[in-house]
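In this document, chain identifiers A, B and C correspond to the written order of the chains, with residue numbering beginning at 1 in each.
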Amino acid sequence: MEIHMEYYLVISTIMFFAGIYGFITRRNLLAILISIELILNSVDMNFVVFNRYLFPEQMEGLFFSLFAIGISACETAVAIAIIINIYRNIRNIQAKNLNQLKD
Amino acid sequence: MEYSVLILLLPFLSFIALGLLGTKLKPVVAGSIGTAVLGICALLAYATAATYFSMPRMDGVREAITLFTVEWLRFTDTLSIELGILLDPISVMMLVVITTVSLMVHIYSLGYMHGERGFQRYYSFLSLFTFSMLGLVVATNIFQMYIFWELVGVSSYLLIGFYYTKPEAVAASKKAFIVTRFADLGFLIGILILSYYTNTFSFDVLNAGDASLFSKAAGTTFMGCSVMSWAMALIFMGGAGKSAMFPLHIWLPDAMEGPTPVSALIHAATMVVAGVYLVARLFPVYSMETPEVLVLIAVVGAFTALYAAVVACVQTDIKRVLAFSTISQIGFMMVSLGVSGMGGHEGLGYMASMFHLFTHAMFKALLFLCAGAIIHAVHSNEMSHMGGLRKYMPVTHVTFLIACLAIAGIPPFSGFFSKDEILAATFEFSPVLGVVMSFIAGLTAFYMFRLYYNIFWGEESRHEHTPHEAPKSMTMPLVFLAAVTVVAGFIPFGHFVSSDGTAYTIHLNWAVAGASVVVAVVAIAIATALYRKKSPVPDRMAAAMPGLHHAAFRRFYMDELYLFITKRIIFNCVSRPIAWFDRHVIDGFFNGLAYLSQRASYAVRVIQSGQVQQYAYVILLGTVVIAALVLWLL
Amino acid sequence: MNILSLFVLIPVLTLCGLLLCKGDNIRQIRTIVATGASLLLVLAVGLVIAFLNERAGGNNADMLFTANAVWYEPLNIHYSVGVDGISVLMLLLSAIIVFTGTFASWKMPFQQKEYFIWFYLLSVGVFGFFISLDLFTMFMFYEVALIPMYLLIGVWGSGKKEYAAMKLTLMLMGGSALLLVGILGIYFHSAGAGSPLTMNITEIAKSSVMPVELQRWFFPLTFIGFGVLGALFPFHTWSPDGHASAPTAVSMLHAGVLMKLGGYGCFRVAIFLMPEAARELSWIFIILTGVSVVYGAYSAIVQTDLKYINAYSSVSHCGLVLFAILMLNQTAMTGAVLQMLSHGLMTALFFALIGMIYGRTHTRDIREMGGLMKVIPFLGACYVIAGLASLGLPGLSGFVAEMSVFVGAFQETDTFHRIFTIIACTSIVITAVYILRVVGKLLYGGIVNEHHLELTDAVWYERFSVIVLIVAIAGIGLAPLWLSNVIQDSLVPVLNQLNF
């Protein structure tokens, strides 16, 4: 059975919107972070898939996804650091409590 | 006669010097400088007068000489203010009057103001006043006159308020300035109208009798009167303010709060006749272009003379009596100008007015200076604190009596001659007015002798210490002025001053003169009967007419009326609402604007909740909407 | 180097010098500011002399001492400077007031260094404005002059200072928003088809291609924009609060010079560049300014705070400036410029004296003071002189200005102008009322407060600044002819514009 590009895309789309849904609805910062990872991973997947199917002789998509993975790792590290700091300050990590910046 | 410039310059320099040095000078030094300067000025003024009047007439007319002029400020191509010195009969006469009286007052003040705090300041203000007054009379153009007009106003303000710790003096000075300032507004607008239509400020041009000058204004009317009438009437309003004509007279009685020599100089002899001088200065214009305004002047003058004479009969403060008497006498001068015509015998009123101005300046200054000596002796202004002073103050007594006789119009004192000319001119104009003026002349004699008897005769009131005659520095001016009062009537005044500059020989109109002497004598007799000894009759008369007496005593409630207008209407009904409007409506509008934008920003702020997820949701929706739009539109 | 650029350079250098010195070294700070201020004054006097020499030498160019440097090519923005007689006089006025203001703030309670830094930044804006010939540069300096005011009032002020500072800044910024639209409007119609757009005032005036339909839009915007700063009724309400809260020297500079920026701008930009609309629409503004002349004076009568009285009096006097400009004839405009000079000097004198009195009595409420003439005769006498100048005593500056305005205004013959001229004339009476009321209450009478008996009279730096101002006021009042000649000559280009 031949695996079409669309199959990958469907899965990545599902992942993407699951991520979005999670980002908007989850209350916990960690869960939100995980949702962001889902979104990023879906995008990575798209990169790889497009590269593999559309431009097999080039490598940019792969490299880009590697980049994205690296960056998301950094981002996660920073985000977790921030979350820990938030936890230290307000003793929870509920997103609705974080509205101090508006003032 | 180029040295006449010095007459102006010296007092100015003395003002600057005394004002700047102030208390660094010893009082004696300051006083001597001021007096010495004025002495020189007086000599120069006499020399100028002698030279001017001995110059030959041109075609029988005394010429006006413009000694020099400098351009001071240019408005338009044709209108510019020039400062200069104009010598003509009336300005030369005024130079003599002002310097003489001022010199006397300077000398007198050495004694009167001795030991006062601010002695130096006093002399510097006196110099300023003298400078401004001299500048006023020699003005070559109406705007120069206005400049010095304002300056005399301010020096009068400063001098009335000389005792600045006394609330009444401060209030009086303020009142004097504001009332005259209001009149000056009329003067200014009058000047603006006049100068716009004639394109000149210069007296020479205005008085040249060139009818074409006024042609531009011909046919222009405003509210039924021609603009020229408006202009001249408004200019007269300025004069009426300075000369205390009804209803702008209210400042003058209060101005008596100033030191008495100041009252003698400013509020009796010189500044208050500035209005008369102004009308006289523009007399050809009044006479040729706007005779109807002259009638107005005559009516205002006559009414003022009557009003002030009536009020003077019941006042008890001796300076107030003199103040009302001054107002009344200036009314005489105004009437005289009002009834006068131009040239020859027609111009009798003009000449009489100037003559009366001259004699009045001398004897009224004398009266005030006597009053000063009396106040100096008894430390009070009230008649009830005086009485029987003739024994203690012989010189003052005699000089005061001379002045009283002069103002009452008893020959051979100077007042008789000048007042008689006025009455003659009035009778020629209208017998009714003549009778009224004769009656007022009788009133004058009555109240002056009421004053005289109350001060020098009657019961002696208790004094804390025996009153004594004033020092030499004060009695000398009295004697000098009394001497002038005695002889001034014999000056052939018409040869010096007349409406058109030709020589005019005064002929006494014996009918009028005889009648007026009789009236004066009767009035004096009544006063003698009533006041020579303590008598119950005056009180009974007052009790018989309580309303009239009280009204006259309160000066017919003019002050109350003014207070009502200024305090109630201007202050409470105009200024307060405007200030409130400013703070609450206009400012409220801008504050409201600020408030609204603040509310609006609060309303918008709700969107910026700070909830990241909310933002993300909005971003998502936005993306979807944009995507949908793009798809749909493409 | 161009002499005019020095006017910007000296304050900038002073400012840099202040930045370098230590905040607690008062002596050093004073040396720097005194040097800067004196240099400016000398420079201004020198400029006047140089200007008169040039004119006497027959140089009849509209603008003298011009210099030009491209600043931003694509929009044709230049740093372009030049002066005529009016701006020379304005520069002199500003220099005198900066000079005296510096001495009036010789002693500040705190942070003197920072205070002077903002103060000199403000003066950079003021001087820059008066020398600019380029609309953009002019607008930029205008803004530079406005912003420091916020801090100067907000930090060093008194009373409701934050409110006042905010109000003043916002209202003036609102004005400059309108102004910016006006200036852009002028810019985009500054040259005929084919030639490049320009910001240069003289060039715009020369080409004058702006159609009258557009002028009708942009003239009111520009006029109101500048008018807000010139206390145009009803946009004047920043002035009482702002002046009352500002520290002494800032009030002086603000009322003395900054409000003149408004009048100068109205005249130099609004009327000079859009003469047709000025002729058409002047009646609206004549009503507004005529009202403000009387309105300010009446409001001043009932105030009890010295600074409020003076602020309302400024509304009245500055109203007269705009009123005179709108008469659009030579005499009245000369009067307007004279009135700007006169009002600048005398209001600065007033504010200086009020500051000195406030520094001693710690109150500005006239009900709590009285009889001060006896304890502080020097300040009292100077206050009387300032008052007399304000009510238009001949021999002091106010008279000359007012008379020129009135005579000029009277040359317009129609009933409308006549009525408003007479209304404006009545202000001389009302002015006398409020001035004498204050003088009477504050200086005369008995001492109200026992503590005031121990007050000390002015010290040397106070005397110095007061005397300089009085000499200037008396100078204008005694010998006004050369001033009015200089002004009248400089008005010729404007009048040529107005007569199409």
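Everything that follows uses one rule, which is that a residue touches a chain if its C-beta (ideal position, glycine included) is under 8 Å from a C-beta of that chain, and two chains touch if they have at least 3 such contacts.
On a predicted model such as this, the values are computed, not experimentally measured, just so you know.
Q: Give the chain pair that accounts for the most C-beta pairs in contact.
A: Counting C-beta pairs in contact for each chain pair, the top pair is B-C.
Q: Nearest chain to the global Cα centroid?
A: Checking distances from each chain centre to the full centroid gives C.
Q: Please report how many Å separate the Cα centroid of subunit A from that of subunit C, as a whole number.
A: Computed from C-alpha means, the inter-chain centre distance equals 63 Å.
Q: Using mean C-alpha positions as chain centres, tell me how far subunit A is from subunit B in Å, no decimals.
A: Roughly 96 Å, centre to centre.
Q: How many angstrom lie between the centres of subunit B and subunit C, each centre taken as the mean Cα position?
A: For subunit B versus subunit C, the centre distance works out to 37 Å.
Q: Pull out every residue in subunit B that's touching 2 or more other chains.
A: none
Q: Can you list the subunit C residues touching subunit B in their complex?
A: Within the complex, subunit C contacts subunit B at residues 167, 170-171, 234, 236-237, 240, 295, 298-299, 301-303, 330-331, 371, 373-374, 388, 391-395, 399-400, 403-404, 406-408, 410-411, 421-422, 425-426, 428-429, 432-433, 436-437, 440, 443-446, 480-481, 484-485, 488.
Q: Which residues of subunit A touch subunit B in their complex?
A: My answer: residues 20, 23-26, 32, 95-96, 98-102.
Q: Taking the complex as given, what residues does subunit B use to touch subunit C?
A: Interface residues on subunit B, with respect to subunit C: 71-76, 79, 81, 143, 146-148, 150-151, 154, 157, 161, 164-165, 167, 170-171, 173-174, 177-178, 181-182, 184-185, 188-189, 192-193, 195-196, 570-571, 574-576, 578-579, 582, 586-587, 589-590, 594.
Q: Would you pull the subunit B residues touching subunit A in the complex into a rising list?
A: Within the complex, subunit B contacts subunit A at residues 605, 608-613, 616-617, 620.
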